[in-house]
Amino acid sequence: MSKALNIGMVGYGFMARAHSNAWADVAHFFDTGYRPVLKAAAARNASKLRHFAGMWGYESIESDWRTLVGRKDIDAIDICVPNDLHAEIAIAAAKAGKMVLCEKPLARSEAEGVPMVEAVEKARVPNMVWYNYRRVPAVSLVKELVAKGKIGRVFHYRAKFLQDWTISPEVPQGGAGTWRLDVDAAGSGVTGDLIAHCLDTAIWINGSIASLTAMTETFIKERKHVITGEVQKVGIDDAAAVLTRFQNGSLGTFESTRYARGHKALYTLEINGEHGSFAWDLHDMNRLQWFDHKVDGQLRGWSSVLVTDGDHPYLGKWWVPGLIIGYEHSFIHQVADFLEGLNTGRPAAPTFRDALETTRVCDAIIASGKSGQWVNL
Amino acid sequence: MSKALNIGMVGYGFMARAHSNAWADVAHFFDTGYRPVLKAAAARNASKLRHFAGMWGYESIESDWRTLVGRKDIDAIDICVPNDLHAEIAIAAAKAGKMVLCEKPLARSEAEGVPMVEAVEKARVPNMVWYNYRRVPAVSLVKELVAKGKIGRVFHYRAKFLQDWTISPEVPQGGAGTWRLDVDAAGSGVTGDLIAHCLDTAIWINGSIASLTAMTETFIKERKHVITGEVQKVGIDDAAAVLTRFQNGSLGTFESTRYARGHKALYTLEINGEHGSFAWDLHDMNRLQWFDHKVDGQLRGWSSVLVTDGDHPYLGKWWVPGLIIGYEHSFIHQVADFLEGLNTGRPAAPTFRDALETTRVCDAIIASGKSGQWVNL
Amino acid sequence: MSKALNIGMVGYGFMARAHSNAWADVAHFFDTGYRPVLKAAAARNASKLRHFAGMWGYESIESDWRTLVGRKDIDAIDICVPNDLHAEIAIAAAKAGKMVLCEKPLARSEAEGVPMVEAVEKARVPNMVWYNYRRVPAVSLVKELVAKGKIGRVFHYRAKFLQDWTISPEVPQGGAGTWRLDVDAAGSGVTGDLIAHCLDTAIWINGSIASLTAMTETFIKERKHVITGEVQKVGIDDAAAVLTRFQNGSLGTFESTRYARGHKALYTLEINGEHGSFAWDLHDMNRLQWFDHKVDGQLRGWSSVLVTDGDHPYLGKWWVPGLIIGYEHSFIHQVADFLEGLNTGRPAAPTFRDALETTRVCDAIIASGKSGQWVNL
Amino acid sequence: MSKALNIGMVGYGFMARAHSNAWADVAHFFDTGYRPVLKAAAARNASKLRHFAGMWGYESIESDWRTLVGRKDIDAIDICVPNDLHAEIAIAAAKAGKMVLCEKPLARSEAEGVPMVEAVEKARVPNMVWYNYRRVPAVSLVKELVAKGKIGRVFHYRAKFLQDWTISPEVPQGGAGTWRLDVDAAGSGVTGDLIAHCLDTAIWINGSIASLTAMTETFIKERKHVITGEVQKVGIDDAAAVLTRFQNGSLGTFESTRYARGHKALYTLEINGEHGSFAWDLHDMNRLQWFDHKVDGQLRGWSSVLVTDGDHPYLGKWWVPGLIIGYEHSFIHQVADFLEGLNTGRPAAPTFRDALETTRVCDAIIASGKSGQWVNL
């Protein structure tokens, strides 16, 4: 008989929906021994919270996350609020002995993240950061195969995350919908929001980054605040490009922007090794591009592998070959692994500590963008 | 306050999972005023049924669908069993005053389907057949735009549904997993299983078919029965190709096979009109290929539209631009429309009557495959 | 030292340019022992002929092809005029002891083609029909590999040739530029012009066709004659679709139209066998799509092979890997093989006799399009 | 009547073939008033030179380029030898009053290139550097449309040139076939060979680069010399990645390597502007990817424009829509423009002076790769 796991959600926005869906669906497909229960949701905006809780069937709501953290009937706190609130909530939740799941990035800076790591480790509570793209099956497959040595020595890793939603100077900053443009709430722009995803995957697959240099830019220097209407300086990086050296000797390039017209959420990655290469992009997330140098010459080429077969990561739990899954499935997989980790005692990654490394690299990008210097990590 | 709708599921297989998921998820995303409840599931195999019901949280189980149909607390019967059982269950459910949702094809033949249509119409119960691909957003968008005259006069419609899972002569026929190869259970092979999907979409988008000629083939003439091990004649069509004339004067080509090595569930469609063309395929179901002849010449080309924006059909309910959805979402959309239809009194299509036309065309394909003659519809 | 081969060209249009280019370029890349010389060109339109001959450096011109055929200094006659003139010229050239190279299709009908075959065979002159697509390297590679058994038993062959240039009713028929719409000059519409290409390749790769049924259509029933302005009935097939059974038991589908908006010269072919599949299209002619079922399951997929390596057919003569070739190279390759055939005494295919089979199948398509019956070949 | 232009070719390798083909073919397609004549070829290796001259029909050969430069009957010197020989030959040719066409890069360094520019300008001889990719029609179209303001303010430019042919440590350096790995002959590795192409196009389309920082790497530190067999230090950059700021305020990223398994000559470029974006790659060089933000939302997408229509740059001279051209056509177009420039007096770009800017940026890349500092240009 599966065991109930009572979830306390903080937030009601886009990420809160993606996480709620994962908690609600996981037990229909993955037999982990746990049955998540959408126990309570907390937020200050009462009418939005009520609507959210109603759609998802949360059993109760709280207007203050502190009350939620204090409730005895909550097993895990899921943090889906702007970055500037992560630390306080996570530390309080850990102190209250709750499992803590925090939306990425862990924190606005390494300095802010360190006490979070200390808190969950001191409290010995299961903890995880929602770098969901690791659990896209095609990406998981790259990780598995690179780890097995399929491509041999790695020479290059490159990743981009391109969007185009802030090109208009009319887009405001601040508030619920556009806090990602407000440096106080977000910590940084595309670096913490998008490159952080690229870095998490890169470090997972290709190991730690040894050094980097970066270029950052803010194309639109002033925007109105969404609530006050006041024209403010823009403090975030609209775009960032990074050159890196990995500890394994390979070279990396990373780029992100919200000014690449025509791209919505184009997270792409490619890794080139001695014996082969993999490439993937989020818009066609069920496909893995694979070049196998060992194939006989005349028929050597890039294969477009439709990652929907039963022997592909996670796919045995879904439909039949040829039928694709979507964005939200990466969250369901992450929850499945988290629950599996509770069973086995081997925590699902990335933990808070794992995610701290990504935040450290983000800090280095912002610093290098200002100094123009290489930074050793 | 949303109203409960109690679902009685018949079956526990692949389709029962896809439908259950749709019932379970729909209210998290679509505010239709209804809240489906997974009330009971029925099947003869008790252990498989128990596992299925446990994963999905069905409140109770029944070993006989007749008992399920007779239960007062069931509002809708959802039929997810082999084709030879559709008619009896559907007619009984209609007589019991239940809403009836039947997996496609409606029946093994038009003759078998007619009393089903009569039963639901006589009982005046809401009814629907699960031709789910209409609700893939890119396909829905084609329907909308063709109906608005975006491509003008239509010249060509072509569709294929290619698979490769029965190439080995070792694949058996009959039983739970391979009933689709057993002509008694299935009625036909690729015609009723796959071309039926193509026909449903084609008729919806491009209108009725006036006449057709077909070629059918059974490549592997004998297979073992999965349970008895007895070598039997194969009665289904392994492959079928069809030439059609639509009532609007356009030409159609349809093909399906389970012997196209490398294709898993490659449903493709293309429609060519005076002013433009659309093309789509299921493996990349979130993309719509669109050629607009009205674009200035130098930059005229096929556009790959990523159908994930808020103004695309159904997508406003999901995530944000660039983040794709999967196969099962087509079922969620169909349920959403079904529930909406209950609200508005305008039934969601395809109804049993709509689906009967598709079955009639399937009959004509099988007949023409034998006679070599054109058949008028 | 290479031997001169004096070419006598009949015509000055699009095809005459493609052939002239092949004759002019071949010796720069292929060391066949022959050096084609653009000796003379013949046509009735003196000003156009002079311009054509000037651009290509033909040494002389003739206003009558009969004079050209009669010239002692001409070794080979290359026929690049409308289909209704093929037979007379080819037969006269053969009688005059010239090698004869004829643009496809061989003739407007099998009946017209038979005496052509007889003439070249009686005269024992080298002869060839310009079905150039066989010599696209990716297509040649498919032929080689299918012949070697790489894909095992073949189940399906499908080909299409889609264009969109006659959709407007304002396009006239007849004359130099639009004789392809004039049934008297062309013999048929898309069947002889485009499906003929598909058939030539199909028969070469997959063997003879045993039987077929076809649907043909003329969408625009009347057009003005380009010269007289008179409104005439359109006699050609604007579109044709064909179902075939090959002698090897595989099924074929063929389709062509000039009403597929967005497609310019989209010749596509696909062949599905037990162990793998190939697909190719002319718009991306340097790429071969290849599915190898023998690849380990997790990484099985369609490979996009860029056919530009030194071990690919013909490519060793061109540039370096990754650098593509174009449409006209297929003609250069055909000339290279023709010259090689002169050397070896093993004539390059397709000869007139080979091409007669394609014309026979074209006849059957037109007949079946009228009768609605299957035709045995 | 067209005027003869006598070409004196220095070299017989891959580039000499591509250029010879351009000279030989141009007058068949472009009516510029000039008729290039392959007058003489010069090189030290007599047997290779004889074979080369024989294939292409050069009228005579010379064992020393100095003799060639001194010949009265030569109008233009075409330099197709390793980079370390460019300067001496070009300067001598200019002094002799010859037109000079030099394979790219202009020189191994800006310092070496300056006297070359001075020589041709002092002698007032037509001069050009063979950055052929400007004349790929799709690339030319990007230039035209960006210049017309089609995409508005530019935010990003990114280019890569990826190869994989030096991954094996067994590849030697030095000599005729592998001089590109010898820093003395080549000046640099991928920077001068491949990034130089990317830079030439980028500066042409998006204007000058203001500053940059770069990372360079030599993966394989020692190689055998191809002739002596001696193990030597490798002095070239195997890979380079660059971050740039353009003078127009946009950001650039450039990367090149010969260690990207699976890529042969993958030159890709993308430019993102306020109203749209273009992307292109050399492997599919006839296609231009285009995103038009002004298209109505539901059908907005990336268009794959097949650049083969009569109204596309250069294409009116070739075949018919849908029929592609190849790599060598870019050289034919460059020759056509060069000849046109002789007619009009407006020299075809890039001239030596234009190309000097690219070499200056290459120098900065190599310097920054060593220093780790940003370099202002």
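Miscellaneous remarks
Every chain is named by a letter (A, B, C and D) in the order it is written, and numbering of its residues begins at 1.
Following the convention adopted for this analysis, a residue touches a chain if its C-beta (ideal position, glycine included) is under 8 Å from a C-beta of that chain, and two chains touch if they have at least 3 such contacts.
Fair warning: this is a prediction, and the values are worked out from it, not measured in the lab.
Of the two chain pairs examined here, B-D and A-D, it is A-D that is joined by more C-beta pairs in contact. Greatest Cα centroid separation from chain C: this falls to A. Measuring from the averaged C-alpha position of chain A to that of chain D gives a distance of 42 Å.
Centre-to-centre spacing of chain B and chain D amounts to 54 Å, using the average Cα coordinate of each chain. Among the residues of chain B, those touching two or more other chains are numbered 263, 302, 306, 309.
Within the complex formed with chain D, the residues of chain A that make contact are 151, 155-156, 158, 164, 167, 213-215, 217, 219, 239, 241, 243, 245, 249, 251, 253, 255, 257, 259-263, 272-277, 291, 293, 302, 372-374.
By the touch criterion stated above, chain A contacts chain C in their complex at residues 141, 145, 288, 290, 292, 295, 297-306, 309, 311-312. Of all residues in chain A, only 14, 18, 20-21, 24-25, 27-29, 31, 55-57, 163, 165, 263-266, 282-285, 287, 306, 308-309, 319-329 touch chain B in the complex they form.
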